Amino acid sequence: MLHFDSDYMAGAHPAILEKLAETNFEQTPGYGTDAHCERARELVRSVCECPEAEVFFLVGGTQTNATIIDALLHRTQGAISADTGHIATHEAGAIEAGGHKVLAIPHTLGKIDAEGVRSYCAWFFGDANHEHMVEPGVVYLSYPTEYGTIYTKDELGAIASVCREYHLPLFIDGARMGYGLAAEGADLTLPDIARLCDVFYIGGTKVGALFGEAVVFTKPDLANRFFTLMKQHGALLAKGRLLGIQFETLLENGLYLDIAHHAVNLAMKLKAAFIEKGYELAIDSPTNQQFVVLDDQTKARLSEHATFGFWEALDDGRTVVRFATSWDTREEAIDELIGLL
Amino acid sequence: MLHFDSDYMAGAHPAILEKLAETNFEQTPGYGTDAHCERARELVRSVCECPEAEVFFLVGGTQTNATIIDALLHRTQGAISADTGHIATHEAGAIEAGGHKVLAIPHTLGKIDAEGVRSYCAWFFGDANHEHMVEPGVVYLSYPTEYGTIYTKDELGAIASVCREYHLPLFIDGARMGYGLAAEGADLTLPDIARLCDVFYIGGTKVGALFGEAVVFTKPDLANRFFTLMKQHGALLAKGRLLGIQFETLLENGLYLDIAHHAVNLAMKLKAAFIEKGYELAIDSPTNQQFVVLDDQTKARLSEHATFGFWEALDDGRTVVRFATSWDTREEAIDELIGLL
Amino acid sequence: MLHFDSDYMAGAHPAILEKLAETNFEQTPGYGTDAHCERARELVRSVCECPEAEVFFLVGGTQTNATIIDALLHRTQGAISADTGHIATHEAGAIEAGGHKVLAIPHTLGKIDAEGVRSYCAWFFGDANHEHMVEPGVVYLSYPTEYGTIYTKDELGAIASVCREYHLPLFIDGARMGYGLAAEGADLTLPDIARLCDVFYIGGTKVGALFGEAVVFTKPDLANRFFTLMKQHGALLAKGRLLGIQFETLLENGLYLDIAHHAVNLAMKLKAAFIEKGYELAIDSPTNQQFVVLDDQTKARLSEHATFGFWEALDDGRTVVRFATSWDTREEAIDELIGLL
Amino acid sequence: MLHFDSDYMAGAHPAILEKLAETNFEQTPGYGTDAHCERARELVRSVCECPEAEVFFLVGGTQTNATIIDALLHRTQGAISADTGHIATHEAGAIEAGGHKVLAIPHTLGKIDAEGVRSYCAWFFGDANHEHMVEPGVVYLSYPTEYGTIYTKDELGAIASVCREYHLPLFIDGARMGYGLAAEGADLTLPDIARLCDVFYIGGTKVGALFGEAVVFTKPDLANRFFTLMKQHGALLAKGRLLGIQFETLLENGLYLDIAHHAVNLAMKLKAAFIEKGYELAIDSPTNQQFVVLDDQTKARLSEHATFGFWEALDDGRTVVRFATSWDTREEAIDELIGLL
């Protein structure tokens, strides 16, 4: 059976396991105060060309989103997000459990745009009763999005401009950051992202690590009390070095981007095959997630040989499914899948 | 330099790293729904002799405490705890962030007792205004305690009886469970604990794992909605198998208790040396944590060769410090330390 | 100047002030345990024909909504509401501050319908990943709605059926309940409402009282711990008798409905005049709130003589404004306003 | 039967009811934006000699405490309070429901002192692990305390000094403020209090109003977003003028202090009688609350003629009870009670 359900189905890139084994007997202080974390923080600052950044390592995406949003918002504020954003849909209400409303605005293939943010803010601050309402306090977006789509530098820059106009920090959920950077046609780099937004994270869990998200506060002031907030959210790993070691490994020789390019390249090969064989793409995604429309018969046939993710049932009875590639996807597996199409 | 700061200074027991490497390329579904987690759950039920238990794996102690307490309490209820309990002191207000008051009662060397719980409950329910107050909704205790002390079977049984009388679930924080089970003079076993309490966890982070806590609901009804609550708390690991694999390794051949016995045996050797050399023990601990009183001169001298934890400054100018052993403590290191005393 | 901004611009119906003066020197216990509250509770049960109801008195709408929703929901659940519902828009995130997501569904003139609730629930429970999402735990609607519209008995019955099918309690925000019951063409009575829903409240603040909302749990079990929850929400009035006295006065001789009919009748007279004089109604409202479209010139002209509420700016530059009548609206004022149209 | 259970057993001082009746037909905007509130705010600033103060009116004590503490604290911070403080005991966990820990320190007859605050802060900030703990973010005290005792100007000044040293705002719960200002031997005035603390409130509910607490932020910056926070807490009264009217009445001709002096004078007469007749005072209170120790026989005898509050059961079987006077206590009632002693 071939597996394409998601990008977190295997363990970690072997280089990470090797490094964990190599350092296993070192004795270090806990909670991210060790030398590996310090070095990983330096590497993050370096690849982002943001020497003043404050960097923290957390375990998973939902806890990272909830902790960052808590750090950025006053309790009377909420987070603007695409209505398809992860925080708006698949985090079991973690943001609301922290007391904050998700202010959902419409999306286009998972993306929000500058005009959408501006019109929400203009409407809000123009409403004479806005003190009775939840004020937008941060703009949240995912890069790449939950739909596998990406923002261009111009698009992100325009959103960042609106954010500055309204004094809203811009926060980018980078759970799949690598696949966005490595996407076909992407013109954004980590330094661009660091320059345009206030907080973002470089996702490890879905890009070759066992787990881990590297949070980058490009404006150090925003990181005030973040350590204690992590502790309060249960997001402070005792053996914090495990995060430092993983990000050291991912960032020191470009491994992070290599992994992402590998996965994206195979996804592009698969996408080309879908097109060539006449399949309908549900979304034109340049990243490691490919969304394709299958009729029942084809779905049944492919299911005998491969696993993939359910995405959406269409009204005509057909189904959108997702094929995800990852660091561990082998070219042979892609070829085999293509052979089945 | 010798290191005795804590029991989470090194990586994981080598058997765990081996198993992670061995399974690295397996592709499994996420969030704890894989076969490793299933097998680890079966092992937990088996070692606890509690076939009906619901078992979940979380990453760290604070998140585990906060999630369990949220699961057990109505929002008008609080958690009875020793005023030295971890939830009452060193979790940055995670319980309160979830909306619940910690109802602190006095401790004796980190322990509460049946009489303390009973008198709190009798006082509370006897107060005509108790509907204006936070009702006790769970009793929390640590085994072993933050002071390295343990409960006897009789003591725990008496607390459990009071809990039943007042219809309060009993929750045991087992972040260091192994060291309690392996403690000198301990008469409690996992099946005893499973029989006496309603929820507890078998701590991995401090007993040989990279991270991980195995939560055991001995009354399955109490686990209602726990999966979603984990997600909401950011406590649901995407690659959940990492937890399953670690607990499989720890539990399948008694490794968990072996690790604990190793650490406790070395701690007992160190303790005997402290006594023999005339040091004053701050606490008579039968577990892997040893607390000793040092004058400034001795503290300075030992600090040149070993690290250890600050515990408390005494009024007479002396200091209580903590020496912790772990899976990776070598007998040679203990001997070397003893030589320095 | 004539005032039609809202239905809470004056004090209380004189009968209430008289009763407050009359009882002023009585000495009673606090927090709603007095004889006036007890009698008011009996009156509520009687007018609702629901002898088993549990009745509580709170001060204002937002605190009532937040406290009830907290009482009904598990912390992993949210409240289905029209996206125009008061809890979704104008309560400054009070529901989210309590940890719960508002699950907004589309409205038609402020109303939800059975099909909308059913399709949300069917979608939710049909989604294989719903344990990662916020489960609907209550259906919230306003009667009359924020748009002045009302539900028919059939419509409410259909929604109640869907709620039962999905085991969701139905909660009706009755901040303006009186005006709904007295609305032109209304076929719902308090006994109907009590029979169809699980919790609702009879709003006093906007229907003649100084303040106060009478909460009715038609299923007593749902009221478990509600007293303490009120206290925790800061919603327990020390001199609780003030609420009892007001609802006694409103309910003992039909004053509540008399007030509502008075306001609705004047609103209908105004509405007829709008129509007759060729004004465009923005909403065809049968209640005390009338929504009409004004061009700038007319708006400016009327503003010289009357106050009214801003509702919405239309794309064509015209404005929707709201005229509200109340217990203290005089027929002469309506006639004067009509003369100005 | 004579009633001395509490100071909120009757309605309001007649001048308040008169003013409510007199203004009943005025039409005003809601939520505290009316002219009565504006005038009341001016009166508050004037009697406090604090022209820059931001003033808000809330309905009751618990909601006021919870909203203010939310406004002052970061979510990682808690409130230092006497362990007998109202927020620590009788508010059903309202502070914790807002996410904040109450950091209880020992009291002496309900009072904290500068040394207690200082030693807590010194201990906290001196602890190397304090980033894992809840940081003190405000000091809360009641004036007068729950035990009827008062602070001297020197005592309050000393606490204020420690607060400034540690950059902690000082917040005074003045639910019974009047009785403290009017207490026998009191040397604190409202201007003193305004000068020494950062936020406090002038309680109306227990000092002659129907309800209402006037919150004074002496440092306007601390009031940032307080209006929206009130709304979120359900603490924003729709007909806000009711609060404005009551505080206008209480403050314009010294009525507030007159009421307090009346009650305190009668309490002092009662206290003198207790002493003269050989009763044991449980607390030497200079305010309107008197605490006396009764044996069972005396308690039974007095209960036939008067109501009073249960306070505490002593180990010797005797009971501490509370007699409270109020604006409506008649001298004849006190004389009658004295005759029964």
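So that you can tell them apart, the chains are marked A, B, C and D in the order they are listed, and the count of residues begins at 1 in each.
As a convention for this text, a contact is a pair of C-beta atoms (placed from the backbone, for glycine too) under 8 Å apart; a residue touches a chain by one contact, two chains touch by 3 or more.
None of these values were measured; they are calculated from a predicted model.
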item	value
Contact-graph distance - origin chain A, target chain C	1
C-D against B-D, pair bridged by the larger set of C-beta contacts	C-D
Chain separated most widely from chain B, comparing mean CA positions	C
Computed distance of Cα centres, chain C from chain B, in Å	50
Averaged-CA centre spacing for the pair chain D and chain C, given as whole angstrom	33
Chain centre separation (chain B, chain D; CA means) in Å	42
Two or more partner chains touched - positions in chain C	75-76, 91-93, 97, 99, 131-132, 228-229, 231-232
Chain C residues touching chain D - in the complex, by the definition given at the top	3, 5-6, 8-12, 14, 17, 20-21, 23-30, 59-64, 66-67, 91-94, 97-98, 205-206, 210-211, 228-229, 231-239, 242, 328
Contact set on chain D toward chain B in their complex	75-76, 78, 89-93, 96-97, 99-102, 104, 128-129, 131-134, 310
List of chain B residues in touch with chain C within their complex	70, 74-76, 99, 131-132, 135, 225, 227-229, 231-232
